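Okay, so chain A shows up in both of these, paired with chain B first and chain C after.
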Partner chain A sequence: MNHLPEAWGRPRNDVYGSYDHSYLQGSHPQQHTQQPIVTGTSVVALKFNGGVVIAADNLASYGSLARFTDVERLKQVGTHTVVGTGGDMSDMQHIYEKLLDTLIIKEEYQNDGHYLRASHIYRYLSRVLYYRRCKFNPLWNTILVAGWDDGKPFLASADLLGTTFSSPALATGYGAHLAIPLLRRACPDEAAVAGITRERAVELVEECMKVLFYRDARSLNKYSMAVITGEGVETTGADGEKKEKVHVEWRKDIELANQSWKFAENIKGYGAQTV
Partner chain B sequence: MSLSSVEPLSFDPTYSFESSTSRGAPRQHSFNPYTDNGGTILGITGDDFVVLAGDTRHTSGYNINSRTERKVYRLGEDNSLILATVGFGADSKDVAETMTRAVNDFKFNHNLKNMTVNAAAQFLFTVLYGNRFFPKYTHCILAGLDKDGKGRLYSYDSVGSYSKEGERRAAAGAASSLIVPFLDNQVEFKNQYLPASNGTTERPVEDLPKETVVKLVKDAFTSATERHIEVGDGLQIITVTKDGVFEEMVELKKD
Partner chain C sequence: MFRNNYDNDSVTFSPQGRIFQVEYALEAIKQGSVAVGLVSKTHAVLVALKRNAEELGSYQKKIIGIDTHLGVALAGLAPDARVLSNFMRQQSMSSRLLYNRPVPVARVVNAIADKAQVNTQHYGRRPYGVGLLVAGVDETGPHLWEFQPSGMVLEYRGASIGARSQSARTYLERTHEQFADSSREQLVLHGLKALRDSLAQDKELTTANTSVAVVGVDGEKFKLYDGDEVGEWLEKLGNVQSSRGGREEPAVPEETMDTTE
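Let's turn to the complex of A and B:
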């Protein structure tokens, strides 16, 4: 290695000829993201009486290649919130490690008894996504924010365009096609949330993850799940500051159970064929 | 086979069985910052009231994202201003938020005096036209009571065009083409003639009572729900009268 750092890591001129700088020139206009590269697939989430359950598998695909099989796409943000991300994994890591971690650290430095709830995290994320789309430099993700907020379960979605909406059952990517109909059958509207127990919600989301693994070619039989439940209100500090108690139960590296591929032997052609 | 004939791996969104006639010419795939989230809004004025309504279905293509996303907003708590936005959901919400903030700021900058509906109308134009070269892809209907207590209604295109005189009725969004001719006939009495005149004298336009207007709104949306896939689920009707602002939620078909 010589004393010129700019030459490090490049082919030696005396061996390979001089370096062709046209490949690394800075004169062309800067390109923004036009497509995602390493991607995560669906995130599935459902509200129940007393909380929210959210799940995402552990795969990051490179096109059709199952490239990374141990990626955690769910992240707890503060004490009240879990976010799940589909789409570009590097953008997800930017959001998780550069934006959300910083946000929470700054919030905790205040040490003023205030804390960010799920709706605040959601608000922040959706504004960041919308701001980036307005700069024509989108973060290529669809994000579900699940949590406990003001005595109620919270669940909402935001995507790379800044589109936001909320519903008692949400799923991104392929899940929007395959999981949503299954979840809506159990939970058609906000009123139905009261009739869904935690066990039932977990069961439904597990079922969705299975259906998604059967039919989504960019999914994995290993996934993570987080169950966020409200546990009442606690008094913190001497000044009687109230804070909602929230419990987040994590289940990681869940192996897809009770698979049945019996249907597979009957499939001919693309599935619709009968002969 | 020479190595150069092997196609490099790519993330073409096309399929292997698609014809490759356009190979060779570089194709540019670019980010599209807009989408359409469906839905329809509708507003009708009477003499001393105004009604603004919108369905609560939020779509992406054939998917229903949510059945409960409202798109008629109150701009503040103690005034008569209401705004409905439809089109690209993200831009629509951003415009509604900008307006809410402006109306609120105005109040605190003007000794707690509320913004008048015509001032809000002019401001909304400024907001929309200010984004003329990267338009907010949203169609707005702004309504409220003026200082004489008359119902006022203004409708906008995505770059801010509006009529300062206001309108008797307006519809925008996915099913506006279905609703507008209905309103032409039922609110403006187009193609209606006085029975005694044997089809020679047009029926004179008159202000409708509130109950009739609300009935028309419900009819317009149930019909639009039948014929347009992006309309349905729920109907939010906001009525502004001198007694205050009232919201009514009505069920629409969810298919």
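Let's turn to the complex of A and C:
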């Protein structure tokens, strides 16, 4: 038996055969993500007077194949925040399950009256995304962070390059082209938020999801929606600890309603028809 | 002949269950000049007595700003305080960079407590020879923490560390019920009175040897006041001398030490 230290803890060559080193180091250099594989499409979000509404459909596509139709792309993070993710779904699962879950668990363990609000989660995510792109190994996502922060509705976007920006109406992916113009008609700037009711905001986002299903070939007629509303400050605990009172209302598996495909008759240029 | 065999390192218990190296570290705090901290509902205040090694020398810094919402006063080995305060500044910066959030006071205090405790548990290391009063403001209001090299941290409404700090503590214990509703100025004066009670014989508070730092909720940033900046407070204080006799002038009676401005 080989008693030399380099053999300690290794399977014996005379029993198992020598180790196949080709598994240890392939002939290829290690590659980082160069394109997303399983993808989610748009996330749509809009601020209103007293909160934010955010929606994303339940589809994960494999190329043009509608591969998974039950994917939840919105996630509540802590008590104040909902994030929505477009782009690579495996990277999204990494962010949700490895990063954000751990982050919130660690924060809760402290149990000291401090909690991460939307702006904190947003900064964390944008730093992670920027860090990864600096390693030339980006997380291939665009993320919207919606929530309640410091007595105001919060909505902001971060992407795989680490680009960050904020607006009262935001959408990712195809929605950035199709939904944002629709939302901006009702909400051109921050000042317009005060004039938008919750009902109107939900209506607008539902309309966007419908238009996106009509025109985005990677979308689904089933989606989730979360409405985050704040109601000022509540006092909890014996020591008068203050915490913002925030509601997150979920609607899942929403079927697209009132579809009209009449416009399809006028679409020319595909299939067997003679133009 | 009667050498103590149980104080060579910080990992050996004496038969009585004591760790002498840690106790020596706590003694080092008592060698340092006094520092006092106190909090109201709106402010946290640090006051400290600076020492100069000799008449012609400058005074040793006693209060170190960590961030705009946080600072420490030290008693003991200043180089050790520098290590700890640099670490706290790093924690503070990383919290702002990573979470866009000023670091919660309790978190950064627990971070240095963990650092200090590790030193009491490894052979070849020594405990920090410094005690800190950490004053800061966060989302849960103003806070004052005391840090000890044993790794112990406790939150206080009023606390004092350093030489003769017991006299300051006695003042704080006598008056602490007024702190919560004190104004900013009243709180500073309470601090200075506690500090005055800790003066050695024949010593007095001067603009040269007194440091004051204030931080408040609603955005009043941590600010250190030194030199002439504390002159106004010392005037309000009136008597700046030790009450331990040695001078002909008698100690000022309690009534004139009015807390209202």
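Assume the second predicted complex is superposed on the first by the 243 of 275 C-alpha atoms of A that agree within 3 Å, B and C clash if a C-alpha of one lies under 4 Å from a C-alpha of the other, contacts with A are read in each partner's own complex, and residues count from 1 in each chain.
Everything that follows uses one rule, which is that contacts are C-beta pairs under 8 Å (C-beta built on N, C-alpha and C of every residue); 3 or more make two chains touch, one makes a residue touch a chain.
Because the structure is a prediction, the values reported are computed rather than measured.
In the superposed model, A:Asp253 makes contact with neither chain B nor chain C.
In the superposition on chain A, no contact is made by A:Glu72 with either chain B or chain C. In the superposed model, B is the one of chain B and chain C that contacts more residues of chain A. With both structures placed on the common chain, the touch criterion links A:Glu97 to neither chain B nor chain C. Applying the stated contact rule after C-alpha superposition, one finds that A:Glu231 touches neither chain B nor chain C.
Of the two partner chains, chain C is the only one touched by A:His120; chain B is not. On chain A, the patch touched by chain B and the patch touched by chain C do not overlap at any residue.
Across the complex, chain A meets chain C through its residues 110, 112-114, 116, 119-120, 122-124, 127, 241-242. For chain C in complex with chain A, the touching residues are 97-101, 104, 106-107, 138-140. Residue ranges on chain B touching chain A, taken from their complex, read 9, 11, 29-31, 33-35, 37, 58, 60, 63, 65-69, 88-90, 93-94, 134, 254. Within the complex formed with chain B, the residues of chain A that make contact are 32-35, 37, 63, 130, 133-134, 136, 138, 157, 161-167, 176-177, 180, 188-190.
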